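Down below is the structure, laid out as structure tokens.
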Amino acid sequence: MGIDFQLILSNLSHPPILFFFLGMIASFVKSDLKIPEPLPKLFSLYLLLAIGFHGGVELRKTGISHEVVYALSAALFMAVVVPIYAFFILRIKLDVYNSAAIAATYGSISAVTYITAVTFLQTLGIEPGGYMVAALALMEAPAIVIGIVLARLFAPKTEDNEFSWGEVFKEAFLNGSVLLITGSLLIGVISGEEGWDTLKPFTKDIFKGMLSFFLLDMGLLAAKRIGDLKSAGFFLPPFAIIVPVLNACMAIVIGRLIGLHPANTFMFAILSASASYIAVPAAMRLSLPEANPSLYVPMALAITFPFNITVGIPLYYYLIAKTNKFIPVLLEIP
Amino acid sequence: MGIDFQLILSNLSHPPILFFFLGMIASFVKSDLKIPEPLPKLFSLYLLLAIGFHGGVELRKTGISHEVVYALSAALFMAVVVPIYAFFILRIKLDVYNSAAIAATYGSISAVTYITAVTFLQTLGIEPGGYMVAALALMEAPAIVIGIVLARLFAPKTEDNEFSWGEVFKEAFLNGSVLLITGSLLIGVISGEEGWDTLKPFTKDIFKGMLSFFLLDMGLLAAKRIGDLKSAGFFLPPFAIIVPVLNACMAIVIGRLIGLHPANTFMFAILSASASYIAVPAAMRLSLPEANPSLYVPMALAITFPFNITVGIPLYYYLIAKTNKFIPVLLEIP
Amino acid sequence: MGIDFQLILSNLSHPPILFFFLGMIASFVKSDLKIPEPLPKLFSLYLLLAIGFHGGVELRKTGISHEVVYALSAALFMAVVVPIYAFFILRIKLDVYNSAAIAATYGSISAVTYITAVTFLQTLGIEPGGYMVAALALMEAPAIVIGIVLARLFAPKTEDNEFSWGEVFKEAFLNGSVLLITGSLLIGVISGEEGWDTLKPFTKDIFKGMLSFFLLDMGLLAAKRIGDLKSAGFFLPPFAIIVPVLNACMAIVIGRLIGLHPANTFMFAILSASASYIAVPAAMRLSLPEANPSLYVPMALAITFPFNITVGIPLYYYLIAKTNKFIPVLLEIP
Amino acid sequence: MNHACKVEIVTDAIKLDSIVKLLDEVGVSGYSVIKDVIGKGTRGIRGDDGLTELFKNNYIMIVCNEKEMNTIVEAVCPIIHKFGGICIVSDVIQRIGRTQSNPPNPRD
Amino acid sequence: MNHACKVEIVTDAIKLDSIVKLLDEVGVSGYSVIKDVIGKGTRGIRGDDGLTELFKNNYIMIVCNEKEMNTIVEAVCPIIHKFGGICIVSDVIQRIGRTQSNPPNPRD
Amino acid sequence: MNHACKVEIVTDAIKLDSIVKLLDEVGVSGYSVIKDVIGKGTRGIRGDDGLTELFKNNYIMIVCNEKEMNTIVEAVCPIIHKFGGICIVSDVIQRIGRTQSNPPNPRD
């Protein structure tokens, strides 16, 4: 446990995380500090572009190995399974629409959580495989489709004629963040080392500064949304912590079973644990307007996100370090 | 032709160009990816500031040589001749107002095209003279005045009392982009090497990243504007490719005749080939409201710009390499 | 005097200052150059974050020495004394509300003036103590409270029931810029050298570029506000230059008396001389709506700010160099 | 009668495209849109968070004649009932534009 | 009578919170806010400078019934006299929203 | 008669300065401007592209009396015919501001 505690501390004293806290504090003391629109958008576009591009360059170096195929399959598996099991847990207390929307939120991922985890690894001198960015891109969309399918299957039939599968798929697979990260990944693959040298000062050197700035804003936002949770009752806040931890544990076991490198298992765990507060809510608001965004947005943004970047990251790291030798590797990577 | 093809390919696999394509694709598949206002403005202001400043520092190093005077005179010549000859070609099919506006568009220049060409040269290890930025600044405004003069000369006389030459000159010579690039050039000249060391990480190191981001947006915009061309008929789209190539060829011949260094001839060609989609349209909308911006904007933005940065850049480079020895140098630079 | 003149020149040929002039010129010639909202906000948030963080990292290195305590006490002293004496001078010509608002403006500070002075020192190879950023943070708020207290004390009593001290203190001590700079300072202290290495490319390398961009906008703004001063009469423009110089002189004497390092005395002088055009006006508009923002904003922004960054910086530096040996050090730092 | 009306709609930003499509079908001569509108209604406070467009409204104004107005109101009704918002109609006493000669001023 | 009105307020951006609080006390069913409004009035030109919000106005629109309208107007009056701005009331001839069934159309 | 009106103008952003100059000449007591307005009209869709202000409209609102209104409408007419846009006038039943005592409420 000692090492875990120290990991938490060292994670917490990392500038980006400290700026997140600064944002939360500013919001709690009702300061007028704010990062006006569309600057948060600038930072989030930048981070997606940079992380995608970096991943692509790395992927080009390693090529599409067996491990890549295993990792991506596992990612797809989690992206499909999580929203389904979450839906049935949520149905205990919630109606079909809200259950589907929250399930989709937790089935998808948060790129900023991923990025924060990468910088955590980097301070430990570890670099995850670039293809985990592909896993990120792959895990964003499926939960959206599954959430909507679940809502259609279980909701009382009405004369709802506005619905279109075309729009659902477009929202899921062509939303801005999926497209930007996938596109940047491909650009990284195509332009390789040479492209990397061209863009490195922009995509790498100032990266943590941009992340700090963005997390400052995320802190402001997260704290602002906490108030919305008053209407969430006693069921959802614990859900927003337990399910992520559960997902991380599943990912840790799966990652070990298929023989992923621990650093990649860690990234897989953090992806599984994270919840979407941008892409999925946007899709849900369009396709499931009956669900209440004042539930699924603050859960992901004001509970799961802060939990993951502060406690989750060192916790999952610790779990992998401790459990690794007790879980057998089923698939020996050739 | 072999080398040309490889040049095209190497140009196309350059990250900024790839981000341009990503933007176009995002727009074609109707993704909701967008770079919200005023972020594109941030990138364009940055690029103007950086390129102007860089040019100024270089100009300070070389001083105002004979070659500088020759190059600037040639630039002024093209800026005057192109809108006039283009006007009369356009009058074959179009009314006076639209002919004048399109002629001005093609007589002026596009700074981003210039910048993309510079990065192309740099990947080949060539650096054009800093004073070509002065040529850029010089070529922006004259076409605006000429376009309006042409319209006044040839349009049927009406009781149009709103028109003021003062406003025309202000729009032409004091518009934001002319002023920012000229001012930054002067600041570069004044602050020299020392100033360069101060600003280099900002104006040089992250430059290609900012360019990539901006070209992503240009891709989105260009693709969005293509639809407007439906109303343009069969005459204008070919015009938007043939006239730039023609201008580039003229510039290549002139550049050789007056003995410019091939790298500077190349920059001169790309300036002549480029068309304005910011400064000129803004001026035209004010001074020639009778012209249809849904013609001149998409021509410059959705045809000429993509053509120039993808095919034009390597093509003009190839032409210079091939023709250089067949054209005599008339003015031996002392 | 010779050296002073050269200092002014070398200060004026520094790129950030040159961009300030470019902005002013653009505004005077009525160019349409503008940095659209909220980009100026991006730059100002960035500068506060970077300067606070840098100061914190430095403060961590030096620790809280006697000199730190002395400097901060002196800062607090000036922040209290200046608005009071300025108020009574202003009462000669102005009503209570405007006197109080202008007094608060001059009692507080301008972070950008501070930053510009730091870059001036750096070009001379001098680095002020990081704790002077703490002095900056400390000097921002008190004048707000004092200005409002003065207005309450001297204004005719009315049935003004909207007023709340809670709001005043919130505006003063929790306004965005105080919070961001203080928070970033603390983050710098906590994360230390390690954090510095993480963020340096962002907070240090591109710093002067961002400052240049921001000063370009400040030049545009300052020039725009000069027109407002027509209504200010003959009393206020001289006030906006004489009082800052007076404050700087007081600070120079105090700094020497308490034995501050000349570089820190210089920063203390520039802080005392500077006037607030963001935090104080925002607070005054809320708490003293009877005061006219078209007086206190242009005074600080269009006279005092340009004066300080062009003439004031080298002048105060020169004064310190010349007077240092004539003023005794009262408190020998242990 | 060709009397001019003003229809004002405030609704979820995400439905802008649907409403614009609808207006094109109705064949109105024009409309204006203001994008950054926040507010409060039956679904609580909608304040933009700068990151997503989740809690943002749009304001759409259409100047049209009474017949068009009735068609628009009818078509917009279900959207507002499903996605929230408000739609109001008010009187216009004079209208100037390229499309239409000024309608008879009801005051005259 | 339950006739619908539209109240429009333009005032200093800094007073938005006060007005919103006030509207919540009155208990109106909703309101819409447009944040970036500039203009001119008795206090001269108010044009946003991009750096501070000092010279910025907000526009607030409230659709309500006549009784609410009177309460709002009364409550907003002192704010406008102290901080400047303008408040106007106009007629609404039809209103569609989740909260209220359409009021009787005065035209009918 | 001192009856209050509301004039609303939507036109090309580039003509804002001209219209403001014009309003100053008429001597209206104030006006409000919303800058980022997009829309559709006789000149097709005008949607801001984030880079240029080419396809952007402005919305200008003036609360004034009938006499001022007539002067404004007359002066704005040629601008709208040349540069496009729309201008509408509607009734105001109550007006509160610093400049003017409330006009007699037509309802009373």
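Order of writing sets the labels: A, B, C, D, E and F. Residues in every chain begin at 1.
In the analysis below, contacts are C-beta pairs under 8 Å (C-beta built on N, C-alpha and C of every residue); 3 or more make two chains touch, one makes a residue touch a chain.
Computed from a predicted structure; not experimentally measured.
The chains in contact with chain A as well as with chain E are C, D.
Under half of the residue numbers at the interface between copies chain A and chain B are found on both sides, making the touching surfaces mostly different.
With centres defined by CA atoms alone, the chain at the far end from chain C is D. Distance from chain B peaks, on a Cα-centroid basis, for E. Inter-chain centre distance (chain D to chain F, centres taken as mean C-alpha positions): 18 Å.
Chain A and chain F have Cα centroids lying 47 Å from one another.
A separation of 42 Å divides the Cα centre of chain A from that of chain C.
Shown for chain D are the residues in touch with two or more other chains, namely 34, 36, 90-91.
Each of residues 34-39, 41-42, 201, 205-206, 282 in chain A touches at least two other chains. Every pair of chains meeting the contact definition is listed here: A-B, A-C, A-D, B-C, B-F, C-E, D-E, D-F, E-F. Touching chain A in their complex are the following residues of chain B: 13-15, 18-19, 22, 25-26, 29-39, 42, 123, 201, 205-206, 208-210, 212-213, 216. Only residues 12, 14, 36, 44, 48-55, 82-83 of chain F touch chain B when the two sit together in their complex. Chain A makes touch with chain B in their complex at residues 37-38, 41-42, 45-46, 49, 53, 170-171, 174-176, 179-180, 183-184, 186-187, 190-191, 195, 198-199, 201-203, 205-206, 282. The residues of chain B lying in touch with chain F in their complex are 34-41, 44, 162, 217, 221, 224, 277-278, 281-282, 285-286, 289, 293-294, 297. Interface residues of chain D facing chain F in the complex, by the touch rule stated above, are 4, 6, 20, 23, 29-36, 61, 63, 90-99.
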